[in-house]
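You will see chain A twice below: alongside chain B first, and alongside chain C after that.
Showing the complex of A and B:
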């Protein structure tokens, strides 16, 4: 018997009722208290996602809606050193708490940077125009209650304003030493006209983490984002990236997900200025039947002559699940849009699965939009070619996996960062010594 | 160097272009037949369900089946996930049963049928006489007749008017009759297969149909028989404020083959009318079914007034190994279309194909696509969908490809292309891809673009006006699907493609 809509609504409210009591709204100044209360109101109206939600068709939201996180054993090699050797400004959050000793001083040429917890103490702050505002806009046409939950209850994060070219990348390192930490962090980034900044993120923020990043990229500004989500087998991670792009601005984001019990990365971008460029890419190395990873992308074209590009590559083995939900929405009048999307998966064994929903919704006629999605086993002919040249089976397969993932890694603009990611993938594939 | 004439011959028949010129952009089948009708009271309830069952002279088990479906339907909610919007339908404010008065006692043969009805089909181009070719398709007269026979079951509002070539088909062992007749004459077959592909509680509209379907077609092809002619059903809605709920059941037994055509039209009316049909196809080992539809229900006027709400559930079940189904549809009519002809690929090495052209102009909305459910080993499927939007129309491709863990070596290829004509319309693609085993290979491609300026320029330069040029380019865009249609339909479809886009440019 089909469940009625009223029942579904009730189930969402029940899910919220189970989660809410363990949350408490932090104390803060006037601006942030108002934003938090608004978010709590949105959350009350929506409830929390349930399994029957169309937007959670392929990923069970339970991990993020339960009152307490499942205990997650600590990982030996979380891979926080992905960007070793790259000159960065390091900021460390350990189980959601700012680690002053491990962090560099929050000062960088071309950038104002502070903790959200500090900015929240003021009664007025520039972040007011962004904090929760992009998340609110991102609730339509699809509800994202867990992002509203984050806005209402986030305890800390970074508040970054780039006014010029940032002298070096800001590297947020998430460490965890607890197997039960439940982390809610919220970052706000404002890239002013003509400015540019690169944000790097590594590690798993907690046993369970819910992070939101809101980014506005003003006209002609550029924002680059590269992250590696930690080779941390048991952590559960939900991220939202909300971005709004001005004219001739650039936004490029790349994510490497090496395992993790549960990962859902949502990226919601709105191209509001003409000639903007938005690229988002991801590479997944998922090994094990407990591993579930989901990339959910929503790109709205609301200006002329913009370009958006999505490149997602997933390698799935030993019963892992990879999910891709990507949508390009071209609004009326957003002519000359160039929208491209590709999602591909490599299934290394019988039990792994790939679930995809690549969507186009287009209301302008002078556009070129396309999406492609493929899924299948490793190419036997190519494997044979390598083996015929004396390369052992295992290594031949790893080489092909590397080549497959490299197509997503290639989307990273900076050569130094691209190499850092590739080096890490090679290391995890045990190819480092030979190449 | 190709001349213009060669160009036209290659891509599209010259007649298509000429027909566009002749048609003047009006719906060709918008007239109605003035005939005395008999209605069941408005609305739907258990009494109406019983009444329909009684009018059809059904046995008790059928009545019970309908009533249990109705009970379930009352518990269900109308689906709201499709990208279509329409005013709320008042299911109690329409007739569920309408038949010509003259059918009080069912005519024994076509000779006894009211001449007005026969004239209706004549005018629609479907003369209900046993002729060598399906006339009415312009150009068909010029084609060599060579035994191209098409048997027709004509459905007028709630009843089947008659079925041609029945005796000749009987000789081959083929049963082709109205479903109401089948329930009486072949209850064992109906009992066995009805609801076995689309269960009575499948979805809101299918469940409603299960409760109130009034007529439709029934086909049984015995083992090893290649149906000697093409079979077709022609659906005509005539009465006002009346919903049409027809049910089609096709069974292709082991090693058999049939090609089935379906056509539909309705008069031009101010108020929208509901059409909720169910088509079930069962394909046994080594059997093959081709099902082709040219859907040309009244699409509503330019302001979106009136038109048919076409909410249809079509599904084929490839039960046996090496069973094969091919769906081809040309969707040009209806104000709102909600239709997903699907394939359950249960037998090993079974195959499903889906070819679709969906054209939405003016205020039309179409949400259509397919489901390919791969369950058996070495199953293959192919989807080619061409969506065209013009005016202020919205056109959505919605489809699913599922490879179950046991569907080893399953293959799917999907291509869906959308074409936009004008900046007020929308084209959307919503595919679901579920791959649950690694020996399966799934490929999906989708593109959205506008009519290519260079191609238009090329045509215009050769003296075609803009509308002709667009029609030509669109026919080229649809070529892959048009080629999958049986010949008669292909020609009709080409013309329809052009006609449906009337007024969309300039």
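Showing the complex of A and C:
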């Protein structure tokens, strides 16, 4: 056993040794340099994930740990305008580089917003208390070395501090024009007491991208997050969202993943104040044997009377793979916890697969937690019914796919954003707009 | 309109013959009724005509104005003007009734090489037709048949019929699960659609539906075949004496 552990440790170190030489720590002020060095130290101790890691059982980490990304051909509609018509503040990163010309001025009522690269030049900054701190906390009980790598080497990102109700959503648009770009971005968001802000993200950040977002939501504050990860067939994307929630705060995150060769979205949330609400949802449309998508969620309840909710829907076809690892940890004393988790897949053929690992770990005695996971084929009776009304087979199936995914999309609170995502799905399915 | 000749059908997965040489002709503009005891093959006939999976035609033919129904896909039959009102309408979560109707109508129009109907014209047309069937705006917005009562589901079937304007309508036990008021509403809906160019095949277990939708011709079906054909009085005879006598005659 000891030998095996030593072997694993060595393999993780070997993986890091292969990746590290191409990384260089950006220049910066005192606060961020300290945080970066701290992260690099943690990364050194952990090494990088390897295939035998239990946490990477269903998803090969190779795509994220190799020295250089696999070349990813540019997609035609990578920048499809999901939130067209929605009044937003637009911030564009192209292959990881801030695009000032394409971005709006970084000014918005109710919010302080700047680039991480700028904030990093200061010797001291409010982001100091968050940058790397939530990521560090999120390393226990499960190690997430690629998030530490991000903290150490991220080149840019946004730092956003909401002090009131943000006048409009902040829309981060990820464009890419390179088939080899290797992007590491890190966002820090602080929602002050009673404040609220919505973050939108669209597109693929690079041929390969590793993004971390750290969010603290203070008492009675609200954070909403809606993203569409770009119908970009070959990009490889790893995201971490770390969130810490205060009393009576709200956190809601929704992700649409329309294809993409490799995607892993980790969401690590800690409910530290009473009566907090955390919802995380996702809809996947995966078509093709090269498509692999993974949602890995870890929610820690550490306060009384909190609610968490996970709703994940995956449509898989032509040999695609969907993964869901979702854990709810209820700490001692986190009484009256209401934890709900559902993950469902719709398998359109026998070549596709859905791998699910739902977990509950509960140390309080007065909680209501439930989880469910299902995997099924399309309802043949419904298909026949639609076809008997003249709807061609393919379209009938698409209608049912939309209906299936809509249950996850419904988790988005804003009707305008919900409709924007549904429009995106309809566009993909070539369905008409709803009346 | 509908011409069925010597139709033999078995279940695909087991060696069980259901239709055993069925002959039936429904003339254009006429209403025919098929009555028969449980297990006589009435519903199978409707499924085979609309193209449901699980059945195998071993012999015979079925055409609609010369169009070979049995060779066509389910959706092609619908676009050609065949409509089956289901005995058990299917619930489809997440698809609004309105979207369903519009997608169906436009798919049929497209298949026939006609122009799609604009959203405005469509809404106006559906609302008018829904009104006469007492289907309110809420039912139109709700997912197809979700949470609908038995009567609402059947009314929804008739609404689909009214919107799609098929030329051959098959009603499979549309009276099942209906109370008197709902039966009246559904029958009125069907009667309003009766026209010179449209034919109906009303499949029912009981005579009472035929009080409301008065047929031109009544067929008695048993053991996979039509065993007797007559006028509306034949339905009354069945109501009075049951099927036993007729079955005995043909034994």
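The rule is simple: the second predicted complex is superposed on the first by the 427 of 435 C-alpha atoms of A that agree within 3 Å, B and C clash if a C-alpha of one lies under 4 Å from a C-alpha of the other, contacts with A are read in each partner's own complex, and residues count from 1 in each chain.
Methods note: a contact is a pair of C-beta atoms (placed from the backbone, for glycine too) under 8 Å apart; a residue touches a chain by one contact, two chains touch by 3 or more.
Keep in mind that what you see is a predicted model, and the values were worked out from it rather than measured.
Superposition of the two complexes onto chain A shows chain B and chain C fitting side by side, with no clash. Counting the residues of chain A that each partner touches, chain B and chain C differ, and the larger count belongs to B.
Look at A:389: by the touch rule set out above, it reaches chain C but stays clear of chain B.
Within the superposed three-chain model, A:5 lies in touch with chain B and out of touch with chain C [touch as defined at top].
In the superposed model, A:399 lies in contact with chain C only, and not with chain B. With both structures placed on the common chain, the touch criterion links A:54 to chain B but leaves chain C unconnected.
When the two complexes are laid over each other on chain A, the CA centres of chain B and chain C sit 80 degrees apart as seen from the CA centre of chain A, to the nearest 10. Contacts of A:124 after superposition on the shared chain: neither chain B nor chain C is touched. Using the contact criterion defined above for the overlaid structures, shared-chain residue A:105 touches neither chain B nor chain C, since it reaches no partner. Judged by the touch definition given at the top, the superposed model places A:380 against chain C, while chain B stays out of reach.
Per the superposed model, the minimal spacing between any CA atom of chain B and any CA atom of chain C is 15 Å. The intersection of chain A residues touching chain B with those touching chain C, taken from the two complexes, is empty. Contact residues on chain B toward chain A in their complex (touch as defined above): 72, 75-77, 80-81, 83, 201, 405, 418, 420-450.
Interface residues of chain C facing chain A in the complex, by the touch rule stated above, are 50-53, 73-75, 78-79, 84, 86, 89-96, 98-100, 102-108, 111, 119, 122-123, 143, 160, 164.
Interface residues of chain A, counted against chain B in their complex, comprise 1-2, 4-5, 54, 57, 332-333, 335, 345, 347-377.
Note for the complex: chain A touches chain C at residues 379-382, 384-393, 395-396, 399-400, 402-404, 406-407, 431-432, 434-435.
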